[in-house]
Amino acid sequence: MTGQSLNAETRARLETVSVASLATLLFKRGLRNQVIQNVRPVAPKGRNMVGPAFTLRYMPAREDRNTLDVFRDPEHKQRKAIETCPPGHVLLIDSRKDARAASAGDILVSRLMMRGAAGIVTDGGFRDAMRIGELDIPAYHQRPSSPTNLTLHEAIEINGPIGCGDAPVFPGDVIVGDDDSVIVIPAHLADEIAEEAVEMTAYEDFVIEQVRAGASIIGLYPCTREAHRTAFEQWRKARGR
Amino acid sequence: MTGQSLNAETRARLETVSVASLATLLFKRGLRNQVIQNVRPVAPKGRNMVGPAFTLRYMPAREDRNTLDVFRDPEHKQRKAIETCPPGHVLLIDSRKDARAASAGDILVSRLMMRGAAGIVTDGGFRDAMRIGELDIPAYHQRPSSPTNLTLHEAIEINGPIGCGDAPVFPGDVIVGDDDSVIVIPAHLADEIAEEAVEMTAYEDFVIEQVRAGASIIGLYPCTREAHRTAFEQWRKARGR
Amino acid sequence: MTGQSLNAETRARLETVSVASLATLLFKRGLRNQVIQNVRPVAPKGRNMVGPAFTLRYMPAREDRNTLDVFRDPEHKQRKAIETCPPGHVLLIDSRKDARAASAGDILVSRLMMRGAAGIVTDGGFRDAMRIGELDIPAYHQRPSSPTNLTLHEAIEINGPIGCGDAPVFPGDVIVGDDDSVIVIPAHLADEIAEEAVEMTAYEDFVIEQVRAGASIIGLYPCTREAHRTAFEQWRKARGR
Amino acid sequence: MTGQSLNAETRARLETVSVASLATLLFKRGLRNQVIQNVRPVAPKGRNMVGPAFTLRYMPAREDRNTLDVFRDPEHKQRKAIETCPPGHVLLIDSRKDARAASAGDILVSRLMMRGAAGIVTDGGFRDAMRIGELDIPAYHQRPSSPTNLTLHEAIEINGPIGCGDAPVFPGDVIVGDDDSVIVIPAHLADEIAEEAVEMTAYEDFVIEQVRAGASIIGLYPCTREAHRTAFEQWRKARGR
Amino acid sequence: MTGQSLNAETRARLETVSVASLATLLFKRGLRNQVIQNVRPVAPKGRNMVGPAFTLRYMPAREDRNTLDVFRDPEHKQRKAIETCPPGHVLLIDSRKDARAASAGDILVSRLMMRGAAGIVTDGGFRDAMRIGELDIPAYHQRPSSPTNLTLHEAIEINGPIGCGDAPVFPGDVIVGDDDSVIVIPAHLADEIAEEAVEMTAYEDFVIEQVRAGASIIGLYPCTREAHRTAFEQWRKARGR
Amino acid sequence: MTGQSLNAETRARLETVSVASLATLLFKRGLRNQVIQNVRPVAPKGRNMVGPAFTLRYMPAREDRNTLDVFRDPEHKQRKAIETCPPGHVLLIDSRKDARAASAGDILVSRLMMRGAAGIVTDGGFRDAMRIGELDIPAYHQRPSSPTNLTLHEAIEINGPIGCGDAPVFPGDVIVGDDDSVIVIPAHLADEIAEEAVEMTAYEDFVIEQVRAGASIIGLYPCTREAHRTAFEQWRKARGR
């Protein structure tokens, strides 16, 4: 159940498609709950976040176990997660959808960026959110939240299976985030989904062009007319897609 | 109960006033719930959306009735609504306030724009929200939502009475949206409300000027002093309003 | 229980630190609920809002007591609060976390700005939010809300103790807002917290520099290694902090 | 704004009618929010609670002001409210709809009962709820809640205007609770509403009898047929109502 | 899309099985959202409610369309629905999950009972709930709610497709309620589901007996051991099931 | 972090005190969040549930991993948890506060009872709740929920640290439930808390007697008068407590 390496071609493909397209392809396979609900980019990056999931689970904080000095422990799981998340991976935090205290702040996210992580997601909130938004690493949360994580959260497990925004996440699942939202692709489906998504995106780009030129969506989206199919083939050839 | 045409002068007036002013005028007539709660512009447009309501109602999706191939049906109600919403109208979708799946995406909203609609509103969420925000058509929702609408919604009725964000909407009611929110003006009140709102806006513009010049709001807002009334009349004359 | 003056040095210090740092220092003293939950800047100002609290409490509106003509009363508590909030203070409104109707609009906030207030916060919503965001006064709310406050709120008490976003607020407590959120510092702690926060901020600025230069957070944040302590002392000296 | 005495005849009448009937009569007068939302009897009593409102307001608890020893203060407002609520009155607690900590427990409610209060209502929860349910005093809350009130609530004001379950409550308003819910009748309307409610109840009792005998509700409820009107008059005479 | 008759044998079978069993059988067919969420019996009846769905849809009430005198209209849809719901059917009301105002009261439910309906369900609340609980007709709701339905609801459509507690309901679907909850069986599946549920229930009754006699659930529930299968066959024979 | 045995004397003491008293004693030690929020007895038992915690964690269900045949696996974690929970322990299920699908049903709870468990708690809901309420084992949940757990939950971990109703739970913590709610006592505090709670309960029983005899709570609760202290000592002696 540990993270697995992500095929370079698959990663490249996933950088070019939308979370919406991926959601439709997973829906087609009977997976209806893979979008992490109610998170948004701290600041839109204009590019996709892609990487295998590395996870951190929070449980409710018991006051006597979560005083400020716990951070002096070099093994504290929140800090440990930051220092062990592999480069290219996305750190996902299960904050039980509770944004009343922070999941992390700009120092930790800066460190994660320096270590080469692909991004960070919490279904809670980040403190120092304004500054995190300025960093060169995609970050997604529910809303800014300034109280220290110790107020409500205790980091309890690194890289186990978690829930994040009501989506199931297993370490090694492939995470994709765009400027709208974040989705969890089960590891074993990543390659085929990525390939299919590229195809789907080509067709949708064609559709948008047609629609902007005045076409009706009936028969075009989805394609049920031979004429559209032919036009699309020519369009692809012309653009080398 | 079908849409009615909107007086050109009324439309022009409604383009110059705020939803807040309209809400106050409806409140004065005993209508307290006409603002669509908890929706916001996908991207602020800096101008008002105005048009009669054309509606679409969603019900919870039953899985066997909502597989991807339903979209191949040229009569599918979601697509049909897009293709039949009259130019100049606003399409309002009753998504039961559920933003966990999309109400529509950028292809459909692009088509709606091409067909000349005045705008689109859902009390759920749009997928491809970033792209919808770039289109030249006002769109309002709760939050971005990437899963396909089939995941949770079945389009069941076109242009009947609906609820949208806890507001009652009848086809033909006049919808106005600004950069803050969206309001539903009952069709039979639109002309008189529009006229009154222009008056009210003139006075409020005057008030803002006075306040920025140092005036107290007591006696000025609302106007209970003769001196303010006189000053306002002069102000109007000077500005031709 | 009336407002007390805020030490100029403390005010200056609080303008340079983050709400997150202040939250940690209050947490250290056993105060875990001082951040006003679920409010955000109407528009980020890039500078802190600092001032003693001046409060206004709303209760649910009974229709017969809240018709539009109540605003003709020069003693109406909403308007009175605007006209009596002392310069340099922050007006905090207890709207019972209900944003379905406005707490105030741009005319009142403009007047408050002209009177020299330091800012305004509601745990409900503002109408005319787009315009309030353009004013030169920090304002925080849950979300834009266009219905007049009379729809749901009756202003009932000026400058008593209130709840705001689940935080306790006493008149004279020191309020600090940054681009993420707002916090309530009990009046008697303001001076010592401000001083300590400046120290903490210096260290965190040092940490960020180290992290961006490639340092691990273990042993550095918090500081448990002598080497870091020494480096920090030199860093401070070099920067005169 | 202090409690006023409740007419004995009005009290007697209000003991015989349902909260639903009272809600309809207030609705007729434009008052739509007088039912205290989301509270229920701790244990149904099979009789109405009737009395003028005596209020207690809670604000969010700041930890340093709410340690267990505050109860040693004979002036602590929670205990003071219990000891000063006049006989025949109903104590209403504004707990900001937060039932995560108790509003009161069985010792205080027992004392209130001994002092002759007519009942107690909180929009939060009671601890020792099972035992409170066995006492001979009506009590209404959201749900049982065992944590001491100090955990989240500080009693801050006795007998001022409050919100309770989103309803406005002024001291002296007349409170009526049945086995379903609780309603707030503005003091100045109590006599006329009580009288009208008795009339309405007589008619509804007649209607129920007719319906159980097989009558259609059309024309009967509400009464639009002369025949029903006549039958009702005879029914009343026969029963002396 | 109108109601269809329910096979007598199917009805009889559905009276003997639990909603939980039915939910499992629908889950097996890919239908995961057929239980009406968050409703409970007004008073447990100790027997199942079974019948085809007859529906009523509410939309948000606009104040000028929902004054008390609308009930004088013999065609008012709420009253009309009561008077036209066919005997043996269950009336389901889509109240948009809003229990702040009533969906119906004891007079209407009494009439429905007299007309031979099989039951009534709302995803809102009933007024006069205590009295409805005493009637000889199963009724399910979220919680008691005393305000008249006009406060928030306008009855707008009879016997169309609706959502109820997030479940999709089409007229003629078969509704089953037990003392825990209510489920919607698509009309075309009712016969086969009923038959399968009787089988399933026989096995589960056997399992409960075995468990109470000390058996482990492993291999027994579900049945994966030949020995259990044989024992079950003998058990059935012995009991004639 | 595995369960530890519970001192017999401590268990006996905890059977005689209320969750409210225990909550106060934990509050005194700075632990404010140990009550499991928003759960209630499926059916009140009139006696306490006491035992060390044995835990089960659910994560969101991915459809392809949670088909009905997973229960054929003798190692399925839900069933395994039932078969391994030690006698005298309380099984606590972290259902992420999601009651839209069941956490367990009557067959599993019956088996747990047969195996000698002290009780079961979920922050979700039970199916077959009516029948579970009739079993001789205390069970607590949010509300009845008929859909199979596979609809939303995957059992992922046995006896690790969890959150339950926003309370932190470690295996071996001592769980106490009464007819109002359930509390989590950290293992290392159980003995001293139990002893103190018995003392506290004696005093509160004395207080209740005094109050019912007409005493004021001022000076009595808490005890600040010598006279009350003396009376209590005599009361204890007289009753042998």
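We call the chains A, B, C, D, E and F, going by the order they appear; numbering starts again at 1 in every chain.
In the analysis below, contacts are C-beta pairs under 8 Å (C-beta built on N, C-alpha and C of every residue); 3 or more make two chains touch, one makes a residue touch a chain.
Which protein is which chain? UniProt says A, B, C, D, E, F = Regulator of RNase E activity RraA.
Please read all numbers here as calculations on a predicted model, not as lab measurements.
Participant: Give me the step distance from subunit C to subunit D, shortest route via touching chains only.
Facilitator: The fewest touching-chain steps linking subunit C to subunit D number 1.
Participant: Looking at the contacts, which chains touch subunit C and subunit E alike?
Facilitator: Both subunit C and subunit E are touched by B, D, going by the contact rule given at the top.
Participant: Using the average of all C-alpha atoms in each chain as its centre, how far is it in Å between subunit D and subunit F?
Facilitator: The separation of the two C-alpha centroids amounts to 32 Å.
Participant: Between subunit A and subunit E, what's the gap in Å when you average each chain's C-alpha atoms?
Facilitator: 40
Participant: Out of subunit A, which residues touch more than one other chain, so two or more?
Facilitator: Where subunit A meets two or more other chains at a single residue, that happens at 30, 32.
Participant: Could you list each pair of chains that touch, in label order?
Facilitator: Listed in label order, the chain pairs in contact are A-B, A-C, A-F, B-C, B-E, C-D, D-E, D-F, E-F.
Participant: Under the touch definition given earlier, write down the residues of subunit D that touch subunit E in their complex.
Facilitator: Per the touch definition, subunit D meets subunit E at residues 18-20, 22-24, 27-28, 32, 35, 37-38, 40, 44, 178-181, 183, 204, 207-208, 211-212, 214, 216-219, 221-222, 224.
Participant: Applying the document's contact rule, which stretches of subunit A touch subunit F when the two form their complex?
Facilitator: 29-34, 59-65, 96, 154, 156-157, 160-163, 166-168, 186
Participant: How about subunit D: which of its residues touch subunit F in the complex?
Facilitator: That would be residues 68, 71-72, 74, 79, 82-83, 100, 102, 105-108, 110-111, 114, 127-130, 143-148, 150-151 of subunit D.
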